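Everything on this sheet refers to the single structure shown next.
Order as written gives the chain letters A, B, C and D; numbering starts at 1 within each chain.
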Amino acid sequence: MSKVMTMKDAIARFVRDGDLVVLEGFTHLIPFAAGHEIIRQRKRDLTIARLTPDLVYDQLIAAGCARKLIFSWAGNPGVGPLHGFRRAVEQGKPRPLEIEEYTHFGMVLRFMAGASNLPFLPTRNYPGTDLLRYNPDIRKVKSPYSDEELYCVPALNPDVTIVHAQRADADGNTQVWGLYGVQKEASFASRKVIVTVEEIVESSVIRSDPNRTLLPAPVVSAVVHAPFGAHPSFVQGAYDRDNDFYVKWDTVSRDEAGVQAYLDEWVHGVPDRAAYTKKMEARRRELEADRQMCAPVNYGF
Amino acid sequence: MADYTTQELMVSRAAKELKNGDVVFVGIGVPSLAVNLAHRMHAPGLCMIYESGAVGCVPKRLPISIGDPCLVTGSLAVVPMLDVFNLYLQRGLIDVGFLGGAQVDRFGNINSTVIGDYRKPKVRLPGSGGACEIAALAKRVVITIGNSKRTMPERVDFITSPGYLGGGREREALGLKGGPELVITDMGVYRFDPRTRELVLVSIHPGITVEKIQENIGWKVKVASDLTETPPPGPEEIRIIRQELDPQGIFLKSKAV
Amino acid sequence: MSKVMTMKDAIARFVRDGDLVVLEGFTHLIPFAAGHEIIRQRKRDLTIARLTPDLVYDQLIAAGCARKLIFSWAGNPGVGPLHGFRRAVEQGKPRPLEIEEYTHFGMVLRFMAGASNLPFLPTRNYPGTDLLRYNPDIRKVKSPYSDEELYCVPALNPDVTIVHAQRADADGNTQVWGLYGVQKEASFASRKVIVTVEEIVESSVIRSDPNRTLLPAPVVSAVVHAPFGAHPSFVQGAYDRDNDFYVKWDTVSRDEAGVQAYLDEWVHGVPDRAAYTKKMEARRRELEADRQMCAPVNYGF
Amino acid sequence: MADYTTQELMVSRAAKELKNGDVVFVGIGVPSLAVNLAHRMHAPGLCMIYESGAVGCVPKRLPISIGDPCLVTGSLAVVPMLDVFNLYLQRGLIDVGFLGGAQVDRFGNINSTVIGDYRKPKVRLPGSGGACEIAALAKRVVITIGNSKRTMPERVDFITSPGYLGGGREREALGLKGGPELVITDMGVYRFDPRTRELVLVSIHPGITVEKIQENIGWKVKVASDLTETPPPGPEEIRIIRQELDPQGIFLKSKAV
């Protein structure tokens, strides 16, 4: 059964004010187009979780969509701080932002526990860090096989997780290559999953290489066709990371006016990602990926 | 005066710390340059792993972020982050982890979370990312940081990544193995006293004095009896850094000391 | 650094009497060639662990190599019982076999715990099964986040794990497609890993499709070139499962004499897998896989 | 006499239990045939998952084992077994699981481990495999077994896969959801009393009597007040089973009742 719908409909239907929302993708495949639609629809009081808030959450925070952030590294990768995040945490602008902080390993385990329908997962991490003094949810569990005590983290089960991928079929069978991040764990942990893709393909394409499937149809609620939907992040085999934009954001986001101007032009000023892409067609061409095809393999018997 | 920058010296010194065959958890900037330099110089069998999940990378350009697409193309493996942390780091496959931060203290604890109080921060920093687990679970840790009273206080405002904590056997007592083995700054190189686990200055960079270092550190610094001068990078190292690794000088800006 | 060696050398060097040995592969990629070399070298007192002992362990048991079996399903898939296994358990022939029994889920979690250097992993499985009465190592752990108690299983860390794969480079970077089973978890859990492959390829082949890599060089101790090394099980894209052999084994293995005759001819009677393959060249041709290539993907940027 | 075998009747009855869109955990033999029949008849949107990790299979031949290569070629996904059990089964994505065994008892508990004492077995059976977790974690379970005093004793020798244990609320009390909903034998079909959780005969196959069933079960069997006759397979179902699913009659040998 086809789950294809527009970004507008998918966000309107599956993201409600107050939800726990996850937009995942570790530097790769960050669903910016979905983030912009959330801002455009002026969703409010969201709890947003992500290992690296990155620019996509810096924008959500600066736009006033979020009341709480669950994260493990809040910076502009390779550039510097996230000014929107810092303004919210240090000055409460545009609104105070509650934070719940883990480490990358902790966040990955929280998603995996949620995806496995377990209350927690253990780790050998955490002895000695001051994070323990400020996060009471990193607790101890005793091994039933020795006197060992380990730390553990609680499951995280989002209301909705949004991921971007190279391709999916209309039913939602989704394939990804290049960096995997934690999209599989976050999606299985989630009550609803929106997949935005560069390309909607026939199921026969998916079936030609089943080992590449990251998400099966049963966990996917909506499939959105959103080419260039990860810009300014990247899509392996489609377009490069727009490092200049990440550098530019450091200036743009230094004050609220700068962010507002950006949102007015690139989010509220365009109806959707197609218009956004048209508006930067020249840049899009510059970022187009070279071809470096993999050696095909045989699935016959 | 020698034609190399302090950063180039730091990169070359960090590279020397890597053995052939080491599995190295790489970060961006000086660590990335150091690992790539070692890979081209004396450690062709070195295996680079980025927390983004790229293993055995051969970046065709200088990666700008730890998730740069150039780390994936032509790499030996790309794995989920769950595997990076469970199967590589926690399993004990990582020989060396590189870490930096806003502050490093007398016992090698690192702060990359907050300056001031956690709840009312003077400056809110990015946080741990994967640093805490690297500090806890890698076999050896190499730290790079600037040498100043601000960046090297006696005690960090917040322990993001555990070093030797309060010193002595405190780290072992918590069941942690490994720990930092070297701190490389813009002025010198430190190791850790095997008993007290306190930083000990073991070499100073050309042109730097012990007095200068004492003026730029937050406690009465211990100095090794056999204090040496940090060996400057050789011409081949400088050539590789400037022509192959960072031709546009993205990380190593100034070419003059 | 090349880890390529002969099967003879790999088994002689890395498998010692008394070791905890794992030959994994769930119906797919079962390392029969390695199993036969273990029998040929008359290894003794092995503890052998595997989800499905399958014919490969039925042969090891009947040959007297094993003192203990750790498993979760001991049958001849699609055919019937494993007679070698049953003789050992029911009559102690050729020697008594100690058994340690789990379920598939339990075995998978034991390998994953071992691979993650954790003492245990929790599961919602096991309430109500009588297995709890006979396996004291399936224990309870209390969640630090509620009053919930879950069952858990202990880590399993083999001395050596042996897996068969479609291809690897000389350093041991190993790629697999088709059914994954638990080879990744069992290998990372193991102190030593022997990889036997259909094909040793240039690293450039591995590097052309890094998402396919199941095992990285750092965990691999030896790489053995063993084409047809999984027969009578199968290799996706190379050769089909020899279902006739699985059916024939039901007759062959009904008495010790039958098994001995088989081992004399097909194990002790041949020096290595190459000779074994030559001896059944006609059958090998019948089992050759058809070509059904996947759609290649772009790794460029 | 109608031209269909008892096994064909069982396959067709099991197929009717599957809804379009169900995610089904498939085993080999009758379950596999039933799921493939339902998929071709009324449930084109049904998703087949095998514990070997193949998802959305479209087998071009009858799979002989749950790890047959024909399950992989052209499937929608192939995943590690860790994901099959953690992310699909334990997460609650599996609507229906099919189970069989050597014994099924009055409360739907299944034994596939041992006849006699576990430590001194009369007959050592294969064991759980994935059956225990399917019985514990699938939303609904359908059981197929032969109807005889040996295969349907009042109490199984060993509970490999939990049904309703001692009956009543015992299963729920242990925190288990789901549970068996249907038992299909070569003589009839049973459901479970919602209160006592005991097997209740709800339909008998053509030509079978309640007396015959009572002679072939290990306790005084409960019979539904609205006992019906099991509907025989239609011609289209028989055609699909014989011509498409099992043309060589590998699982469904005899063509005569």
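The working rule: contacts are C-beta pairs under 8 Å (C-beta built on N, C-alpha and C of every residue); 3 or more make two chains touch, one makes a residue touch a chain.
No experiment lies behind these values; they were computed from the predicted model shown.
Averaging Cα atoms per chain gives one point for each, and the point farthest from that of subunit C is the centre of B. Distance from the subunit B centre to the subunit D centre is 58 Å, each centre being the mean of its Cα atoms. If you average the Cα atoms of subunit C and of subunit D, the two centres end up 29 Å apart. The centroid of the Cα atoms in subunit A and the matching centroid in subunit D are 41 Å apart.
Counting partner chains per residue, subunit B shows two or more touched chains at residues 54, 69, 72-74, 78-79, 90.
Across the assembly, subunit C contributes 112, 117-118, 123-124, 148, 177-178, 180, 184, 208, 211, 234, 236, 240, 289, 292, 299-301 as residues in contact with two or more other chains. If touching chains are joined by edges, the resulting network of the protein chains shown has some other shape, matching none of path, cycle, star or complete graph.
By the definition of touch given earlier, these chain pairs are in contact: A-B, A-C, A-D, B-C, C-D.
For subunit A in complex with subunit B, the touching residues are 26-28, 51-52, 71-75, 77-78, 81-82, 85-86, 89-90, 101-105, 108-109, 112, 123-131, 133-134, 148, 177-182, 184-185, 234, 236, 240-241, 243, 246, 289, 292. Taken together, the subunit C residues at the contact with subunit A in this complex read 117-124, 137, 139-146, 148, 150, 152, 154, 166, 177-178, 180, 205, 208-209, 211-212, 234, 236-238, 240, 289-301. By the touch criterion given at the top, residues 28, 51-54, 64-69, 72-74, 78-82, 85, 89-90, 113, 118-119, 121, 123-133, 136-137, 158-162, 165, 170-171, 174-176 of subunit B touch subunit A in their complex. Subunit A contributes residues 1, 112, 115-118, 173, 184, 188, 203, 206-208, 210-211, 213, 216-219, 299-301 to its touches with subunit D in the complex.
Across the interface of their complex, subunit C is touched by residues 21, 23, 45, 47, 54-56, 58, 69-70, 72-79, 86-87, 90-93 of subunit B.
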